[in-house]
Amino acid sequence: MSAPETLEGWFSLHDLRRLDRIAWGQVPRSDQAKALGEAADLLAEAEAVHDASAGRSVTYSMIGHKADLMMLHLRPDLSQLHDLERRFDDSLLASFMSRPYSYVSVIEISRHGAPDGTAEAIEDTPYVQSRLHPEIPDHDAYVCFYPMSKKRDGDDNWYRLDGVDRSELMRAHGRTGRRYAGRVSQIVTGSMGLDDWEWGVTLFSDDPLQFKKLVYEMRFDEVSARYADFGPFYVGRRLAPDQLAEWAR
Amino acid sequence: MSAPETLEGWFSLHDLRRLDRIAWGQVPRSDQAKALGEAADLLAEAEAVHDASAGRSVTYSMIGHKADLMMLHLRPDLSQLHDLERRFDDSLLASFMSRPYSYVSVIEISRHGAPDGTAEAIEDTPYVQSRLHPEIPDHDAYVCFYPMSKKRDGDDNWYRLDGVDRSELMRAHGRTGRRYAGRVSQIVTGSMGLDDWEWGVTLFSDDPLQFKKLVYEMRFDEVSARYADFGPFYVGRRLAPDQLAEWAR
Amino acid sequence: MSAPETLEGWFSLHDLRRLDRIAWGQVPRSDQAKALGEAADLLAEAEAVHDASAGRSVTYSMIGHKADLMMLHLRPDLSQLHDLERRFDDSLLASFMSRPYSYVSVIEISRHGAPDGTAEAIEDTPYVQSRLHPEIPDHDAYVCFYPMSKKRDGDDNWYRLDGVDRSELMRAHGRTGRRYAGRVSQIVTGSMGLDDWEWGVTLFSDDPLQFKKLVYEMRFDEVSARYADFGPFYVGRRLAPDQLAEWAR
Amino acid sequence: MSAPETLEGWFSLHDLRRLDRIAWGQVPRSDQAKALGEAADLLAEAEAVHDASAGRSVTYSMIGHKADLMMLHLRPDLSQLHDLERRFDDSLLASFMSRPYSYVSVIEISRHGAPDGTAEAIEDTPYVQSRLHPEIPDHDAYVCFYPMSKKRDGDDNWYRLDGVDRSELMRAHGRTGRRYAGRVSQIVTGSMGLDDWEWGVTLFSDDPLQFKKLVYEMRFDEVSARYADFGPFYVGRRLAPDQLAEWAR
Amino acid sequence: MSAPETLEGWFSLHDLRRLDRIAWGQVPRSDQAKALGEAADLLAEAEAVHDASAGRSVTYSMIGHKADLMMLHLRPDLSQLHDLERRFDDSLLASFMSRPYSYVSVIEISRHGAPDGTAEAIEDTPYVQSRLHPEIPDHDAYVCFYPMSKKRDGDDNWYRLDGVDRSELMRAHGRTGRRYAGRVSQIVTGSMGLDDWEWGVTLFSDDPLQFKKLVYEMRFDEVSARYADFGPFYVGRRLAPDQLAEWAR
């Protein structure tokens, strides 16, 4: 079996942090304010992408026990993502936080069923460029991130399917997704050789019920029902840098 | 295969906390009392649902090592649940607690076998409304919460079953459940796209032996025997806000 | 498939604790003595069952890294077990301990192959009553506890077996067990709806080699070989309350 | 299927410890020296087997992050192993260590294919006695310990094999092992009913490459290829009690 | 089935560390500088291989939450690797670090399909010697490390394949790898009997996108698609010893 051609865009880091509330509670109020101010400045600088020629950065306040904060960074070079996490590591706020999870990947467009060698021809089109270097719309308040892999279990082995069959299954899956156009947008990132699962899926919406509706409907697509293994799901709410002070009262 | 229609009600947060007894033991008695008073006020306000137009909140003292406290919140908007957990995070008591688990989901009624498009017609009926926005009866002292998924393993793949077969299996399962009417009530919440398992099941009863009897009997239903994967089980006992001070002597 | 009838006796809590030796090592000797004295009193009161109309409580010093102490409590009501763990939680000794594991279940007698509705007829016989409310013989120095479930994997699915076949497999298993009569005694507790596995098995013997011999021999019974999934195994040695002071020198 | 006869020798405890370097680093040099001296005395006493009528004890410095120290104790009674771990627990050094793992088992000789009831006849022969109560040669600098179980997965179910087939598979495996005679020696311990896996394998050699060669070659034996499930592997280097002071500079 | 012949070179230790930022943040600046200087000296000495007759050592700053630092050491003897980790353990910086992972293995060349006994004949050729004792090129800024095993699941059992089939599958896999010559170099280490997985794969490249491209393409090779189980993936960026001070500002 030969691998489908892929196009890659920005590298991506999902950087999740959890506040150690016992340690944080022992910090004097004035130092807390200083720590939050410094961190807010770092987030604002990242969102302004002063550190690189291009990219995106947004921050989320996470719902549930898995994490408190998620910074999502997109940059042309992996080293820029590493610099961003190191810079946050060096902040006073980070010294009261653990890192329960992170995810390293790269934006990927898969060319299932497309003739070999045609990727190059379309790579420079504005449509493809906009998907490889996507906007993250400000009006979408909620995020849903989950990593996933394709199964290789006995008869349910994605990587042993005929390429034509794989393409048809992906196309059907795409049709389900398109029914959510305007309600949910997504970024798919590839992570083989970069992190533990094979792909990361990041969904954006103003209505978190749409995450449930979309993922539920897609689970009945054969590509999910038969071939998908899902990792943990992280759900959060957009947090502007200037909301950080209030966030960690 | 197409997904069965669903109706959704309130969003749900199961928020589990564990007291760090070493840290707590070093807090002066007067500060402990202050922390417990503040937390009791927060729980009472949540149970009074002053923070939203509608919803429910109840608290449980958990049995066994998995957690000490579980707050169960139901609210119309996910952001309201996030506000509730953040408000508790900011309390003094929470600064001596870790979060061993939580669960984000939304109340779901599944319309297995019902004709497509009929969900809308019934959504506004009082019966359906009462299931989407349920009471939590005060006289039920015990709670049992567990997340679960449907299997997708080789021949035992729920999502590849014919819709008619799925409906029949669910109906048989419902008949088992109805034999426990009056002894156990339940809320089923959907969590695809929101948390790691596919559904959450929350059972309420005055007699915890009924949890065992019900789950045991249901396990022999084909839908459980063949298609269910179960997560951890959490069992607790109702705790009124004004019992909190005595709870953490 | 219909579930076999069961009879239930006392609720059961296996409460395992681990001493945080770094924190404990910093406690002055006099406070250590006070903490051990208070805890020994709690254990003695529990063993005397002053807190309830009936029940049993015994304590074990656990072998290996998984836990240091296991309190095994049997009581008529689940709330009594919860009170016992909370009372221990409130002790000074508990504030230097974590809880690596616990298990909530209820003593169960399964009536595989018995005609439906006959359980009631035998429930009040002295033999059945003594199994539902068992003694824990003082002369048995060792305990072995492990939780387990029955498999539901492809063709190896206990819950899809015919009831007659299940009964025959359980009877053969019982014959293996009876060969250890006088050397090993056991309590089987059901935990569906109460904890993560389906059953707990607690073995008692003066000779821990018999645990190995019994479990080894039983593993070749078809009911274990084909249908059993085993959780962690905990082994300990009886500790009388008045040995506690020496136990944590 | 009936279980093959087994003979059992000494009980065994693999006791692994990890130094908490942050806590240890805050201990004054003089107290460190005192703690190391006390621990070295305990190890020397254990190696001299003053605590029991017979047995062996050796200590290893472990390679990699999984543990820092492994004490391997063999004794006639399980209670003697428990006394040894408790005595170490009570030392000052142990109060700066956690226990990442341990393993409780008993030396086992399996009589695959031997006629029933003949075990007794051979138990008192010098050869069998020397295997049930083995030497640990001083010149073997390296140890490799791993727990393992036999599979019970669908068609690959060791416990449902015919006894004759099991014996033939074990004999072939033994032939592979014997090719390493003089280079690697081993102790096999049974742990059903005592710990989480079914057996522990402890290998000794002066050349750690032989561990790799032996385990690699054996993996192609049908008994491993088809029926073995392996737990974590721990590798260490012999540490004499009087080397302990230098070990934790 | 008989095992393919293998040749072994240097032993290998992947030593991963994570800085405890809460503890580190409480260290005075001057002590931090002292700790970083001492650690930089240790890394420089290791890279200069003063401790052994031969070998390699390089250090990486790791991307994501899994670790902060990875030291990769190659040495003729396992005891030399153990000495290196112990020496780092004894440093002041290490007393503020935990060890989230490590990997013990040995460089391996597998002679799939080669006639038995020919390994010896080629072992001393310069080509084989250079693969058993490899350079780590200074210009390759990125590393990707992951452990892996071959499956033994039902029909997908690598160890039950005919040797000729195994060889052909490995040859096809090699052809995929060779398409990345000049872009990615790799070291394969065997770890049976030494660590939990069967092999470690360490990739080096100036362009981390090549890790993704290579691993993605290889996953469609039958040897990966059908027979590979992958562990965690660790990605990092080369860090020279004299960059350490700036690394942990």
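When the chains are written out, they are named A, B, C, D and E in that same order, and each has its own residue count from 1.
In this section, a contact is a pair of C-beta atoms (placed from the backbone, for glycine too) under 8 Å apart; a residue touches a chain by one contact, two chains touch by 3 or more.
As the structure is a prediction and not an experimental result, all values here were calculated from the model.
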Neighbouring chains common to chain A and chain D, by label: E
Size of the rotation, in steps of 5 degrees, that lays the CA trace of chain C over chain D: 70
Rounded Å distance, chain A centre to chain E centre (Cα mean): 28
Distance from the mean Cα position of chain E to that of chain B, given in whole angstrom: 45
In chain B, residues with contacts to at least two other chains: 153-154
Graph class of chain-chain contacts, one of line, ring, star, complete, other: ring
Ring walk, chain A to chain B and onward: A, B, C, D, E
Contact set on chain D toward chain C in their complex: 1-3, 6, 8, 11, 13, 15-16, 20, 23, 78-79, 81-82, 85-86, 89-90, 92, 94-97, 99-104, 106, 152-154, 157, 159-160, 190-196, 198
Of all residues in chain A, those that touch chain B in their complex: 21-22, 24-25, 61, 63-66, 141-142, 144, 153-156, 203, 208-209, 211-217, 219-220, 222, 224-226, 228, 230, 232-233, 235, 237, 247, 249
